[in-house]
Structure formats: structure tokens, C-alpha cells
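Some structures are shown below for you to check.
In the two complexes that follow, chain A is the common piece, with chain B as its partner first and chain C second.
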Partner chain A sequence: MASKVIIENNAYHDSVTLMSLSSKINNYDGVEQAVVSMATKMNKDLLEDIGLLTDEAEAATENDLIIALIANTDERVEEVMEVIHEELTSKKTKKGKGKEVTAKSVHSALNAMPDANMAIISVPGEYAAREARQALKKGVHVMLFSDNVSIEDEKALKEMGRENDLFVMGPDCGTAIINNGGLCFANKVSEGGIGLVAASGTGLQEVTVQIDRLGYGITQAIGTGGRDLHESIGGMMMLQGLKALENDDKTKVITLISKPPAPSVQDKIVKEVSQCKKPVVVCFLDGDAQAVEAAGATFSATLIDAARKSVALLDPEVKIDTEMNERVTAWVEAEKGKFSDSQQDIRGLFCGGTLTSEALSIIRSTGESVKSNVAKKAEEKVADITESVGHTLLDMGDDEFTKGKPHPMIEPTLRNERIIQEAKDPRTAVLLLDFELGYGSNDDPAGVTLDALKEAKDQAEQAGRHLSIVSYICGTSKDKQDYKQQQKKLQSAGVYVADSNEMATRIATMLVQKEVN
Partner chain B sequence: MMIDIDPYQIKQMDSRLLEWLSHKQNSNQLGTVHSVFDKVVNFISHDGVTLFSLAKNWVIQSPGMMKTCEDEGFSQMLSVLKPGMPINLVGNCCLEINDWQWDFSNAVVWERDIASLSQTKPDITASTLMLLNNFIEKYGAREGIFPAWKSFSDVSWEVPETTRKNIYFSPFLAGLEQLVKDIEGKKLENFMDRFVGLGIGLTPSGDDFLTGLLATWQYFAFPLYKDFEPNQADLKGRTTDVSYFMLKHCLEGQVNEALLALLENLDGDPTPQLRQLLAIGSTSGTDMLVGVSFAYQQLINDKEEKQWRLK
Partner chain C sequence: MSTIDEIFNQSLHVINIGTSKFKEDLDLQGIDTVQVDWQPPAGGNVQLIEALDFFQDNDKVEQANQEAIKRIKEAHPFLIDVDQAVNVIPGMHSKKILHSGPPISWENMAGPMQGAIIGALIFEGLANNETEARALIDAGEIEFDPCHEHSAVGPMAGIVSPSMPVHVIENRTHGNKAYCSVNEGFGKVLRFGAFSDEVIDRLKWLRDVFAPALKKALALTEGIDLKSITAQSLHMGDECHNRNKASTSLFYREIGDYFLQTDIDKQSLREVLRFIQNNEQYFLNLSMPACKSALDAGHGVPYSTVITAMSRNGVEFGVRVSGLGEKEWFTAPANFIKGLFFPGYSEEDATRDLGDSAITETMGIGGFAMGGSPAIVQFVGGEVEDAIRYSEQMFDITVSENSNYSLPTLNFSGSAFGIDLRKVIETGILPVINTGMAHKVAGIGQIGAGIVHPPKACFEKGLMRFYEVYGGDGINE
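And now, the complex of A and B:
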């Protein structure tokens, strides 16, 4: 067992905060005992009983806060301590800054915080370009979360950024990790030697998560916005990111991620990659492996493969197990036997766009016909997003679903309703779902979906069918939502939790195919 | 800075705070900001003898508290307040905190305490106790003293493993068991020591429990309590400042409005008062209510013993 005790002097947190934090932490896996309480004499006596009354705790006064923790490993102690610290400081920060600085423009925000060197802009698209220009004029990097910015404005902003050696991440850039700080939707991952540039939000999340799970870490994860590799933008930010990471001493391996670029842009990027002094992994979903490999880079067809190859380039000694284990195949065999004759289809309901694209690519590669709202090929496009036909994969974070509604990563109602709808369809055999943890995402994404999952299973059962649900949780053990708790919640509802989006998709495909491979 | 605008208005003020202020001189520095929360700011006098507070109007009125309906001004002030900032008296009826001025000249005076409650006391009945206990069971928060009280009062209750793991469970249970022994032995001298400062929170659960218990015994004049003479000075330094003043006020017969309202409505349908009390803090309301229930049980025991003796 490992333990740690921290004292916060004169710390006044309201009882609701302390009580809910204490209850929450005590339920974490690996936590034997957690005490978050004021350092009164009685409370200190109790700490002594469990061997945690350090000298510092002994000296604490009744108006100081004691945070004491016993967990199964030193690593777990540090992880949970970090969660406690974040919860307490975020509450304080919210309180302290509540109405202190309410900036209505980038200009006034920079006046209030003159040392800032990055602006995150999330205003309606029609105003976003103007605010981004203001930031660039002030010499500040830009992360443009806003969408609905014209491609002409995007081009002009990126040219301006390139001339001034500033990044313009976006528009529609949802994920970045800069100097170990997650921006918008991002996971808490370890620092290490891999630098990433991505024209894809959940793609970047998935690769950084998988690198972390393999025990390695990242330097920077730079987002470019989904249109950066279009013909008219020419991959300006991906090229700028590649150059910046090449010049960064801490970055040993560079990983590029995108859906397939325009051919001329691919040529430009491949040319730059061929001149790069550092090893580069290129993960272009449905991309041209030959062209990439001809440039001396390493090609990856899937996100998890990109993570594995990046790690292997960083540490040639690493051993990575890529085999699907027997437990999975046994589970698949058992599930297949429960389907009724009508059940033939996979229904994928995703929060992540790139995870949808990856699943589409994988299912297509098995010879199955599949439709999606993210498909590029005309024959794969869904005719009506309100009704699934055959194998159907929906990115429910896409504009056509979220207009005027919160993204399902934040608020799951939209997807929960669709889960029930799909369960009622006699053709549905498998529901394929993703859950994203990390900054920006719902505090309990599995928990808020459980009722819908149970109802979906009940609906199917009442109709004499068995519904299989396969999921993937894109998150690390360091994320605030507690990965293991999320996993347990899903498993308690009979949901299979795969280790990657790729594996979840393969399992879903195995379930609807005649033979288990 | 807000100097140029009209002062914000205090809507209600504890009479004892008003009296304390009336003895202060114009431009007198009263004390400093002690602690800042979303709904309440606490101030401590320079001599450390008085803790008083400014709260949003919907917060339950408590001893030493003044309240305001001006939520926006209050929230704006909160965003810049920090412990240690001075609070001054300006003129006779205005408080100044970091240039924010609060006028209490039109404040409604709150002058309630246990002594001011109706002296026609509700009957002590087993049905009232059952009502209290059912309410705690159904709506009470589980994180404070509740599991220990439940285990103490219902031996058939199987204590969940997670509750046993909680380091506060055993001391609370032992405290309740010893308290019953003290009452049976008619020795109350040290019973508070086993609860003061015990538990999570700014007002630890043990202190909230004591508040509910002491208030109930005071109101119903529990015979043993009449001879109980706690040393208030002993409490100082054993719990948080905010909780120390809550206990000090309680021993002087001053408790929050929800507790007062419950005590004087115990013989009717006290559901609204129970709900109001339960809404205090995270577990504070439940802990106080457990204190009321525990004290009430002793009152019933005492009544039954007297009836038995009469027979």
C-alpha cells in the first residue's frame, strides 16, 4: 500500500465540495482510504489510527484542510491526488474568476491578460475570423474551435499565421494538447517523445490515448482543423506543425493524422516528410500507403496502428501484443448464437467523426457493404440520417445532428434516443458505440447512457431478440472521469468494452459475419 | 470600484449583530473577511470574539447573519473578496468591504432564539419520533453521522462494507453508545468531546449533530441538561472557526431559523420545516436532524421512566 498526506493552510471549501469529493474518491478503484477534511483534533486522531498523522498533519490547525490517501500503488496515489487537486482548484478558480474578467472580444481579453500567447476562439462562425485576425495581429497563436468559417477566410488566416510564424489551429478544431495542457476536447496523457499533427479531433484523441496506454507520451498534439488538407488550403498548418516538431528537441518521432488528403496536398506533405530528419508515421485513413512509404515514412491504416508504430520508432525494443485474445472470440461465439434470423446489421452510433471514419474503413475492408454520414463515396452515403438501412455508421456529432443541440460528447440525449430507435429495429444485431473521456467531455459519459442501454436491451428482449453492444472508451486512467469506473458501468450493463476503436469495430463485424476469423 | 453608486441594501439582520454594531464608532474597522463561499461571506472581528456573515436572502437565517436580496451586487463583490480584507463601519448604518457599501438602516430585525419560542411546548410522543426517523431514513444524506445513527438505532441493519471502511463510522457509533451510557449514569460532563470537530466539512458532522441535540434538550428542558455546564473556551481550537461559533451560539440558545421552526412545529405536521432543515449544507441538515431525533428519544425515555415511577 502507498500513502500520501497533504495540508492546505487556511483552506475554506464548502461542505458540499468536501463531502462529494470524499465520497467520490473513496469509490475509486485501488483507493483503500481517502480523507478530505478539516484538521480538527478529532479528525487528526482518526488519521493517527490509520497511520497517516505525519508531522505536517500534526502541526495543522483546525482551519487547515487535510487530504490523506491510501491506495494500492504510488502511481494510483499520485493520480488520485491530482484529481483531488483539480477538483478543489477548479472550484476555487470558478469562484475566484466568476465575474472578474468578462471579455467580449479578443482585444479586451488580451488587455486583461497581456502575457497570453494563445487564444481559443469559440464564437459564431461569422465573427470568428475577425477575432482570429485580431489575435494574430497581436502576435498570439489561435485555436479556432468555431465552425462555419468560410474556406476563403481560413486560407487568409492561415497565410497570415504562416507569415508571422503563428499557428492557426482550425477552424472547427476540437482537440489539441499544448505544453501538456489539453485544449477543448482532449485527454490527459503522459509527456514523452512523440509529436503529433492532426486534421482530426477524435483521431488525435485516439492516437494520444493509445500512446499513453502503451506507456509512452507526447510532446505536442497540434490540431489543424478538418479542412487543412483540402486543395485550397494546401495543408498549410500540417506542414507548419511538421516543421515545428522537426525543430523541437524533445520530439523524437512525428505522427501525422488525417482523413485522405487531396492528391496535390498529399504530394506536398509526402515531399516534406521525405526531407524530414526525424522518423515520421503517416496515418491517412483510406490513404495511399505506397506514396507514403516511397517517401521513407511509415504508413498506418488505422489509428491504433499509428500509435503502435510511433511507439516502435521511439523504442525499437518495445513488444506490443496485437493479437485478439481467446476471451474475445469466445464472447463473440456465444453472442452470435443468441441472434434471431432477422438480426443482420451493425448500427454504429458515434460521438467522434474520425472514429466513425475509421470504423467505416475497417468494415468496408472486410467486404461488407456499409453506409455512413461521413462517407465520401456516393454509394456509401446514407440517404436519410433519421433511418438506418443495413450496416450504418453515424457520426452523431456532425452538424446535421447537432444544429441547435449540444454535441453528444457533452450531452448524450440525442444519441440515447437513437440507441432506443435502433434497438427497436428487428434488423439490428449489434450496437457499436464510442465514449470519449477527458477535458470538455461529459463528467460521466457511461453513466448517463446506462438507462438507454438497459432499455435498448429490454426492448430487444421483449421482441424475442438479443442485442449485442460493443463499445470503446477513448480515455486514459488519468482522465477526470476515471476510466475504470466508466468501464465497470458499461460492463455491468452487459456491454463489451474493447481496447481500441479498431478492435471494437472488428468485434462488431465478427458478430455479424458467418464465421469467426 | 463601486464607490460612486448607491449602497446595496441589507434586507434582514440578526438583532444581536445590530446591537454589536451599535456600539461601534463611525469609520471603525470592525474586522476582516474570514472566508468566502458562493452564498455566504464570513467576517471575524479583530479580537476574534465575534464571527458574523453576509448571505444571499434565501440562505437560512442564522445567528450573527445579515442577508441581502441584491444577488448581482453580492456575486460581483464575491469575485474580488479575499480573506484578510477589512470590513469597516461607515456612518451609523453602512458597512464597507473593499469599496462595496451595504446599508442596513432599513433591515428587518431577526430576533429569534430558543427562549423566544412558545413556552407551550409540544407533547413528546412516540409518533413524532417515528415521523422524524422515517423522514431521516427517506430523505437524509448518507455521508455524515447517518450510518452510525442507523446502526445504533436499528441493530438488524446490515452495515454496508463501504460504510465500515469510512473512518468516521466507528467513532460516531462509539460516541452515540457512550452518550447513552452517560445519560443512564446521569453524567453529561464530557459528552461533547466525543463529537466536537469530528467529520468532514466546514461544520463537521459531529458539531451539527450536537447543535440539533443541544437545541432540542434546551427547548424541552431535558432534566440532565439543566445541570450541564459546558466550558465554551474548551471548544475553541477543537473545531473550525465557523463551527466553533455555531456551537457557542447554540449553547447560548441561538440556532438557525430552520431548527427553531422545527422545534416549535413538532406536534403538527413539520414536513415543511424538516425539508428546510435538511436543505442546509451537504449533510449538515441531516446531521442536525439526527441530533434532534437522538435528543427526542432521550426525552421519551425520560418521560416513560417518570410515568413508570408514578405507577
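And now, the complex of A and C:
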């Protein structure tokens, strides 16, 4: 084995670029370990773990780039180092040669584009608020993708947005569709009469996708960021979004989506909803139906239900078939017969946080006990995220998994490893998975998971078990990844592809329950 | 500006700050997007960011900067006279020698600067040789000062000694003056630290023959309009720092007839005219003081973060800020120049960045105008595209553009000028300077040319000092 560590001072690169580069390099022949990252405390710990924390690396600061490599021979180390350098610099040359306009700051970007009206910010959290403030000062709406923005900053930014009549979507906001333009992670959906405000990313994706599948469309989908409905923020952005949609002529029905808000915030929102002149659907997962209905709005407990009820309010004539078809029940029966006695558990490995929450809510409602890393209730909290016990649902996009690694929606290595791990557990009966298509996501999410799925099935089989895999693809036929192809790939590996996250979860539950409903 | 009600009826124009992955998908949707190639502001230095945020979008600073660049732009420099330094430069005396860059003591000076000072002392007759010159200096007989602190500028070592002839430039808008020696031409020259007989003889000729002749010619003019020559020569492919072919020709055309109107004998006249004709860089020593006179007019505007001088002494790079003191320099070790070397020389031979000529970049010409000077870019080791990109990039760190100095290749937009301390810190983009390289050993001369940037620390120190002076409660009064 040969290794090498290089530090480049003041060579900042964004983390997504570095992470995708690292994972690419890690797949190269002869490469044992490759770390290309900024020298943050966390990344230095990582280096230490693999025994490459040199004195120079130890002394490096957050603005320095670390390239650390272990490969089978010295020559290989040199070759791969070369490749890394090429990758890191080639982009710059391309930028220089092309007609692409790049700027160094919000101010210089505004020089290049004086009519800018939206800023998408994905820089490290500690700097994000500052960039957002500058954009807001210039009258530009903000979509703050960055996480790790302090709640004080969030509050200040949203107050600033409210005063200046500007959107502050986020922080930690992954999805929005404004004027039919998908920002960050978003699906390509039809235009129509439903406007949405959501404190959840994949929740918003799922509802818009389901509306599209029903043959209807949306006006705007506004993401507020996950903390918007916390006590201290008070749902500022959701209220602002609600008002904006109420004033928007094209929006006929308004749909609000969130995990359960703080009670005082729920009161505030429900009060505004009761005064809204347009029909409103409120989908608060595990929320309070009575309060919502008392305000004259429609309550939904699941995402697909929110889509259906929104469409029904838009078009009272619509016929929606919610019956589970015979093909499904037949498949479930056949699969159930193949399990060994030890196989009792659902293991849900999700990329989408809200899809995880929804699945949790659905499985709980069937009387099963279930654990998850997104659970709010103490008894449902996963004790150790590295090990699943009983029905376990993991949001693998959660910070504790993604520290220093790409989000599984972009790069699924993390989840693929976990798929194999769960398959080896004799208790695992069903793997429950989601795949997100659309802008921002991996170009072939099913394709890059296929090998892991096949291996999982093989592993179980060699141990004398049968593993069922149920999945949901959150995407439309218009998404860039080609929904049909994605579906085919999964089916080719014996994976059941359900029509909604709710359905996938129900099927998974049916598989492990003694009786078929 | 786009309120919530408006945005639903506008097409999206997105600034993407951070990962370019999102831009790819915005492009896919045909959404107009500008990518911000983001770096942590101020290199992530918390104190600097705090200072930066304090002055960002600050009305007093904005107004002060507008005032500073207005003065700089409105300055109108004319060449009105040539005379011995001791006669015209304020504070000059028979034992004083001026040098380029921020203040520096004799023992710390770079080789070429020491060589040039030895040459100047011999030229002045204060010493007969190097040994005597060194003895004189060691005895503390000679006083050194930066040109910049005497309304003067000098290329490379920038040495001005008492009897050396200097161009006298008058900024007729604001009434201040600026001074610069006469360019000696190429080869063995004092500004690169050479002090052989040939060098001294040329200096004497300049003093005894050339300067009196030029003085007579200038006396017949109403002053030579340097602003006009600069503007025209920018359209003719000069950037008026490293390329002065067009400007020197224009000057030659202007002054020629006046020389003929003097009573100078034909032989001297031919020598004098041929000296200008054979020296393509003649105008550099007019371009520099012209810039100096304009930037001095822009200095001393309270609250202004505009840079009014960038200069180097071969050891340190220094900048001055309009809203701070006239003698307040923010310095850091000067960089080495990256570029092309003349045959036989390499990086090891080069001295650090040297000379007051970065005054041209401070004014928004020189490196800032390189995009309009295709002929120069190869000399400094780049491509035309690079040069245009440099010129465009400078808009990111400047207050405005100087419509007096427009660049045809940039669709006649004005050159970027009024370097804003705040923007340099925020973007991490450093001013670009194209410049000659001196050999580190005195007297060998120029060994190449290329691109150099000021060290970032100059600006960081400047901003921290600015915060000290104008931060806290002071600014909100």
C-alpha cells in the first residue's frame, strides 16, 4: 500500500463538488481510500480514522484543501493524484473559455444580472445568512438550501423578508417550484390551479407529483424550511406563502404541508386559514384534524391524501380510485409464503425525510410498533442508527448519516451499503425504499442502486431466506430521469414499485402482518 | 426589486450561490442563471467579516466613495514644465533621495534600489564611487523618503535625486501637482539599479541638454493635455503602463512643433527629439504622474474606502486608502511576478515586485485596461481572452467605470476604477497589475514581464484600520 497527503492552502471548493469527486475516486481501480475535502475539524477526524492525519494536515485550516490517498502502488497514487488535480482545475478552464457568466459575490452577480429576482444559496451554513441578507437587501427573493443556519439568523432573515415583501425559503429548504421553475430538488409537474406551501422537501415533492399523476397541476410550490413552524419562527414563511397564494389569481386551492407544528404556531396558522377566502387543504403529518376542520379547512393525514383532496376541491367532478388492486394482494400473498420464521421486520431505508415520517405514521396506525431516526416520540426513537431493531425506518438523508458525505438523493453509496447490511439480518423481511427523480437528484437513482438490490436478494437467498423489496419512485413522466426506465430497472430486480409512498408503506406492512386486509 | 406579488408574474432570474449542481438543472430548464463562484468572504476571517458587514451598504461610505471617484475622474492633468526636483518638489533638499513604494530604510532595500541610490549620489557629485556613496549613507548623511509622500512617483527603483529633472504635472481641476523623472529608455538604466558611467552620463545629458530644451518647448504650450493623450492611446492599443507606444507617439506629435519654435541649436534639437522617438516608454513617466495627480485629488475623503495608491519598493507592497491618512501605508511582503522571462533568466533571478507604476492600475488603466491592449498580453504571458477577462473582473472590485478611459474591445465601456477596499476583501479578487521584472542584482536591468497581484494582507490591514477609525459609533452619527 502506498499513500500520500497533500495540502493546498486557500483553495476553497464547494463540498458537493469534493464529495462527488471523492466518491468517484474511491471507485477507481487500486484505490483503497481517497479523501478530497476542506480541512474542517470533522474531515481531519476522518483523516485520523484512516491514519492519514499528517502534521501538515493537522495544521491546515478550513480554507485549505486536503487531498489524501491510499492506493496499491506508488505509481497508482501519483496517477490518481494527477486525475484529482485535473478534475479540480478542468472546471475552471471550461468556465474561462465558455460564455458562462460567473461572479464572485452577490454584488458582482447583480452587476452581471441586474434583473435577478431569486437567489439560491447553498454555501456552508455559517456564511449562508450573510449571503441571504445581501440578496434581501437588494430586493432579491431567497431560497436558502444551506443547513446549519442558526435559528436567530433564520428569524432575522424572515423578519427582513416580511418587511420587504420578499420570500425567504429555508434554511434547509430543498424544494420549491416558482413559476414552473424547479429550484434545487423538484419534479417537473404540470401547471394548474393548486398552490402549495410546505415545511418539508420530499413532502412537497410527493404532493406535487401525486397532483400531476392525477392529471392536475400547480401554480407555485413554496418551501419554508423545516423549522418554520417551530415556536421561535412562528410559521412566518408559511403565513407569508399562504397570503401570497391567496392574492394570486391563478391559485384556486391552497395546500399546506408540514410535520406537526408547535401548538401555538398551529393556532396561528389555523386562524389565518379560517380567514382565507380560498379552499385550503392542511396536511400536518400526525396533526390535529379537529382544529383544522373547525377552521373550515380540509385535513389530510397523508401526502397522497393531500393531493387527492386538493384535486377534489379544484374539480368536484374528479373520480379518484383508491382501491388496492388484486394484483397487489396476489403479489403480497405470494411473497408472504416465502419468508422464514425469523423474518418479521420492515426495514425502511429512505432518502426523503418526510416520506420517512409519513411511513412511520402509517405503520404506527396499523398497530405495529416502529422505530425511526425521525421519530418525535421518545419510545419510537432509534437507539443506535448503525443497527436496526424491529421495524426500523431510517431517513438516510439526515445529518447524522450525511456528515461529510453526499446526500443519498445525489449519491446513494451510503444507502447501498445499508441495504446489504439489512439483507444480512435474519429478522429483515421487507426492504422499503424510496427513489426521488427530478431536478437536483441523481441522474439514475434506480440504476446506481441495482447492484446493491441484487446482492441483497442473493445474500438472503444464500442464507435460506427470501427478501421482499417494496419501493416508491417519487417522480413524474416528465422528469429528466425517465420514470418508465427507472421503474423497469427496479422491476427487473424483483422490486415492487408502488404508486405512492403511502401505498408502498401499506404493502410493506401487509407483508409482515399475519393477515391480509 | 421584486415583491412577492410581482415575482409570480416575472420570469425567474436566478443567482446561484454555492454548488454549481443546481445551476446545471436550472440551465436544463432554460432559467437565466448567474453562478457565484463562492469563496468564504475575507478568507473566513471573522473579524474582517464583521468589519466588512459594518461598512457594507453603508450610506456614508457609498457617498464618500462616489465623491472620491468623482474627484479622480474629474482630475485633468497637464504636463506644464520640467525642472530639477529640488526646485519644484515640496520638501526636497540637497541631501534627500526619493524612492518608490512605501517607506523603507537603506539596509532593508532591494538590490536594484540600493544600486540606483548609489548611482544617484554619484550623479549628484556627492560621491565619486560606490564606496564613497555607501560611506555617506552609513554616516546618516542622506535622507530617504517615498516619492508618493512628495507628490511624486517613480518607475522601478523610482529614485529621484535633487538635481534630477522631473516632469511637472498640474491637475487643473483641483490645482494639485505631481512629479516624475524622465524615462531613461532601456538597457543599463538607473531605475533598475545600474550606475555605470554610461548611466550617469545619460542622467547628466538629461539634466543639462534634454530638460532645458523640453522646458523651453513646454513654455510655448498651454500645457500638454495628458488626459486626452491617455484616452486616445487606449483606443490605439496602449494600456499606458507596459505599452506606451501610441501615447509616446501622440506626445511626440504634440510637442514636436513646439521644439522647432525654440532657439535650440539643430544638433541638440535632433538629439532631444530622437531621444523621445527612440523611447517607446517615454510616456510612462507622464502616465504615472498624471494618475498620481488624479488619485491624490481623490485622497482624504472621510469614510471613503477607495484605494488611492498601490506601490512597491521591491520588498513590500503598500496601499493607501482615501479615508485614512496620507502617510498611512498598509504593507505586506511584495509578491514575485509571474510571467515571461527574457532568454537566459529565470524566476530565481527576479526581485520582488517593484516600483510606483502600479499607480496606473490604481487609476484603472495598466493591468485593468489590458483587455483593450491585445498587443501587450503575450508579452505578459497570457492570451487576449485572459486579458479581457481580467479587465472585466476588475469591475467586481471597483466602485465604478471611468468613461473617460473607454476600451473598444469591451464595447467601449469605461475601464474599471476606484478600487474598493471592501470589495477586494469580500470577493477575494485582487487588483491585477502587469509589470516589468527587475533582476535582483543591481544594474542588470529588466529580465521579463508578467502579472502580479498585491498581497491580500495589505487590504486586510487597511480594512481593520478603517474599522478602528470609522467603526463603532462613529459612522452612524
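To be clear about the criterion, the second predicted complex is superposed on the first by the 417 of 517 C-alpha atoms of A that agree within 3 Å, B and C clash if a C-alpha of one lies under 4 Å from a C-alpha of the other, contacts with A are read in each partner's own complex, and residues count from 1 in each chain.
Definition applied: a contact is a pair of C-beta atoms (placed from the backbone, for glycine too) under 8 Å apart; a residue touches a chain by one contact, two chains touch by 3 or more.
Since the structure is predicted, the reported quantities are computational estimates derived from the model, not experimental observations.
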First (chain B), second (chain C), both or neither touched by A:Tyr439: second
Partner chain(s) touched by A:Asp14 [first = chain B, second = chain C, both, neither]: both
Partner chain in contact with A:Asn63 - chain B first, chain C second, else both or neither: both
Touching partner for A:Val470 - first (chain B), second (chain C), both, neither: neither
Touching partner for A:Gly181 - first (chain B), second (chain C), both, neither: second
Contacts of A:Ile254 with chain B and chain C, given as first, second, both or neither: neither
Contacts of A:Met238 with chain B and chain C, given as first, second, both or neither: neither
Partner chain in contact with A:Leu360 - chain B first, chain C second, else both or neither: neither
Winner by number of chain A residues touched, once chain B and chain C are compared: C
Overlap of chain C and chain B interfaces on chain A (superposed complexes): 10, 12, 14-16, 61-63, 95-97, 100
Chain A - residues contacting chain B, complex: 10, 12-16, 18-20, 22-23, 26-27, 32-33, 35-38, 40-43, 46, 49-50, 61-63, 95-100
Of all residues in chain A, those that touch chain C in their complex: 10, 12, 14-17, 61-63, 91, 95-97, 100-113, 115-124, 127, 130-131, 134-135, 137-141, 145-146, 164-167, 178-179, 181-184, 219-220, 240, 244, 247-248, 250, 410, 439-440, 480
Chain B residues touching chain A - in the complex, by the definition given at the top: 35-38, 75-76, 78-80, 83, 141, 143-144, 162, 165-168, 171, 195-204, 206, 237-241, 281-284
Parts of chain C lying in touch with chain A, wherever the complex brings them together: 1-8, 10-22, 25-26, 28-29, 31-32, 34-41, 43-44, 49, 53, 56-57, 385-386, 389, 395-396, 423, 426-429
